[in-house]
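The structure under discussion is supplied below as structure tokens; questions concerning it will follow.
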Amino acid sequence: MSSIRILNLSKVYDDSTHAVKQINLNIDDGEFIVLVGPSGCGKSTLLRMIAGLETISDGELYIGDRLVNNLEPAERDIAMVFQNYALYPHMTVYKNMAYGLKNRGFSASEIEERVQKTAKMLEIEQFLTRKPKALSGGQRQRVAMGRALVREPAAFLLDEPLSNLDAKLRVQMRVEIKQLQKRLKTTSLYVTHDQLEAMTLGDRLVVLNQGQVEQVGAPLEVYNRPETLFVAGFIGSPSMNLIDIDHLDKSINAHALSSLPKGTDILGIRPDCLSSSQPNEPSIQLECNMTLFEPSGAESHLYMSLKDQQQILIMRVESLKQEFSEPYFKVYAKIKDIHPFNKLSGKRTD
Amino acid sequence: MVDNDRWGNLLAHCILIVGVALVVFPIYIAVIASTHTGSTFLSGTLPLLPGKEAWTNYTTVIFEGRSRAGTPPIAQMLWNSFIMAMAITIGKLSISLLSAFAIVYFQFRFRLFFFWIIFLTLMLPVEVRIVPTFQVVADLGMLNSFAGLSIPLIASATATFLFRQFFMTIPEEMLEAARVDGAGPLKFFKDILLPLSITNIAALFVIMFIYGWNQYLWPLLITTDPSYYTIVMGIQRMATGGDSEPLWHLVMATVVVAALPPVLVILFMQRLFVKGLTETEK
Amino acid sequence: MQTKKLTFRNAWLPYLLLAPQVIITAIFFLWPAGQALYQSLLRQDAFGFNTTFVGLDNFTRLFQDDLYVNALQVTLIFSVGTTLLSMSVALLLAVLVNRMLRSRDTYTTFLVWPYAIAPAIAGILWWFIFNPSIGILPYFLEMLGISWNHRSNGNQAMLLVIIAAAWKQISYNFLFFLAGLQSIPHSLIEAAAIDGANKFKRFWTIVFPLLSPITFFLMVVNVVYAMFDTFGVIHATTEGGPAQATNILVYKVYRDGFVSMNLGSSAAQSVILMAIVVLLTVLQFKYIERRVNY
């Protein structure tokens, strides 16, 4: 178990794609870090550089106190769980798990002990003699986890490990992974683009965009206080409404707007912070027209367009109300719920 | 189903049966001929039903040989053919696996250059450059040896390409997982790549064994010592060796024995053979 | 020509792995091929004492040599005949076998094994069947009023070797045609049937065009086979005769090099054959490219 220090890490591919740009990150011993970001932002590249599967173009990488830039993957004492599991198809589950230990010169009895212990922990003991082909997707996923766990490495690297599972299994495995990590306290780096996994799994969330870190922080911290427009739009589902200040009715909202920080020209409002009844505290007021009502059981979403504008807003509602069918109805957002941003710098203004 | 008319199917079966009969006919004739006495052939046309001399004829060819034509008993020739075919097959498979591994899993200088050198041999059969190749083998003192019989034939671009194609279809993550698990190149080759290639190896084994067993011109040229004769070339010496009409009953018994091993290999490994031929070849 | 994204880094191992293949290729292919090129420009006197450089003279002589021109013609007829005969029989059988559901594997088993027969043995078998005094076919042909003697009749000899060579190759063509037919989606044929095409129309307008890449591939393979792999057929039967009627190029290279010891001429013939092979390889490669790049 150890910390991971990432200093100015960069990756430029042979075709001069600049996939990772000068990333700095300190991961504490035992911490669970989740990497999120849109497709192609360099999540896998960063993870694979840490694993040693991709060369480091620039910068320094420390695992524990060791500079590992030029070490082979096997020498870095990490374990990896792949999206497609990458189990060896010709080996039994037992051999799959034992292979890494064998290559490291563990004795047969120690291998046996560790594999049995890990298999028990993951409840895959009854599959040990089967080959991967004879397992279900979920079972394969467990074996892939087992192959990583059995090594008791300094760090786990997981690249979208649950994305090949169906929705239900994904939830179940998510909880299990979290509990496992809590128990084993092994430093972990987890790549995902699933909002729920991002919010619930990690101690800290790292939001990547175009090869750069946008924000690092505890998941709720990032959710409650996105530092950039990008993070504001990316974290949260459905995503935050980002309203250009010019699209508001300046006269009605004059007072409310004057209380916003200087330089604010974009207002970020989460769908659950919009309401059709006027609150008795400072708020802004929008005139909208309903385009679609989307009930989905627990909560429902109302899609609406701002008066005289193309932009679609989303509001969380309990039920479809009479007033929504009127040509224009009013919705409100409290000033304290508004995330103020500057369009040009992309940053928060408060 | 679109085609389910009965007369059409009946006609198709008829044509197929005739086709199969034509394909099987020559070997049937050979089997029949090998069961008669030599004198049957002097009296005119060959009978179409088996005779009673099978045992005598086959034991004669296999264990006694025909000293008059200068050919050893064919037991020896069968053994030679087997050694040659196995040496060619195993040689081809090994060097092709190794070079495909190098080409796919390594980045090194002159990689393309080597690739093209191997590619050049893709279709150049030994028959084309027979005289100079013979000279090289003679200069190396490899005439009348198993090394001379097999080594010049084991360079195989085809097998290298097949393995290259197959390796490219193995997911990237297989290597990545193995590297994380601490496997170096040779361990990866032995523990992961070889076991994964086993069906392809088996399929190619069938094809290459047949190729090796059926070599004709090459053994004809480089063996003058009867103890290195192979069965396929030996038959030719029996059939056209002497001035007189050949002893057909014995020639045909030899033909049957010579054809048996590769035919058995095909029949027992039909699935693999068909896969090897049509899915991977070229 | 890609590698894997992740590759091993090792200074000498890849060279070591390639060494056996490359060394054997160099010694038994590149060196002899170079020798052939070199010798094709030389001429030895009858006793092998004097060697003189003659430039392209060996080549010009070849093309003025009636025997060589004859061998070219013979090879052409032989290759085209073998390819056509073998491919058409194989296609017919494959189309019929492909209709069958239950008996498909049985027929296939009966049709694949001639692949295992060596060309020389195929030659001897048909040589025996057509043997003018004891063969079974001349006996029947006699009844039809045809007198068969491939030892004196050049055309009959040619027919004999074509049949022997084509017979052995039927299995190979059959398997490829069958694989090709099985890869045609049945829905296409059903669609054509719904469009009102009858069976023959369906075959010629849907099935055959879809088979054309395989047909092209097989054509090249069969020509290569007929030109080079059939040495055994000729050598074990007609030995090029009667009167040069079946003297194909490969057989002539061998005779001139090993029997007549005419090294310069034989080397020049080797060079021409290599050129033909290279040409066919390029054709073949076009096909590989198409298959590999989809």
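Letters are used for the chains, namely A, B and C, taken in the order the chains are written, and counting of residues starts over at 1 for each.
Keep this in mind: a residue touches a chain if its C-beta (ideal position, glycine included) is under 8 Å from a C-beta of that chain, and two chains touch if they have at least 3 such contacts.
Note that the structure is predicted; figures quoted are calculated from it, not measured.
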item: Pairwise touch network: line, ring, star, complete, or other; value: line
item: Leader among chain pairs (count of C-beta contacts); value: B-C
item: Subunit A and subunit C: spacing of chain centres that average the CA atoms, whole Å; value: 61
item: Subunit A and subunit B: spacing of chain centres that average the CA atoms, whole Å; value: 58
item: Whole-Å gap between the CA centroids of subunit B and subunit C; value: 16
item: Subunit A residues counted as touching two or more neighbouring chains; value: 53
item: Per-residue multi-chain contacts in subunit C, two or more chains; value: 6
item: Sequence positions of subunit B contacting 2 or more other chains; value: 176, 179
item: Residues of subunit B defined as touching subunit C within the complex; value: 2-3, 8-9, 12-13, 15-16, 19-20, 23-27, 29-30, 33, 41, 44-46, 48, 94-96, 98-99, 101-108, 111-112, 114-115, 117-118, 120-125, 127-137, 140, 151-152, 154-155, 160, 165, 168, 172, 175-176, 179, 184-186, 188, 210, 213-214, 216-217, 220-221, 232-233, 235-236, 239-240, 245, 248, 251-252, 255, 258-259, 262-263, 265-267, 270, 273-274, 277-279, 282
item: Complex interface listing, subunit A residues touching subunit B; value: 48, 51-53, 72-74, 78-80, 82, 84, 86-91, 99-100, 103-104, 147
item: Contact set on subunit B toward subunit A in their complex; value: 171, 173-174, 176-183, 187, 191-192, 195-196, 198
item: Of subunit C, residues touching subunit B in the complex; value: 1-10, 13-15, 17-18, 20-22, 24-33, 35-36, 39, 89, 92-93, 96-97, 99-100, 103, 107-122, 124-129, 131, 133-136, 139, 167, 170, 172, 175-176, 179, 189-190, 193, 199, 217, 221, 224, 228-229, 231-232, 235-237, 239, 250, 253-254, 257-258, 263, 266-267, 270, 273-274, 277, 280-281, 284, 287-288, 292
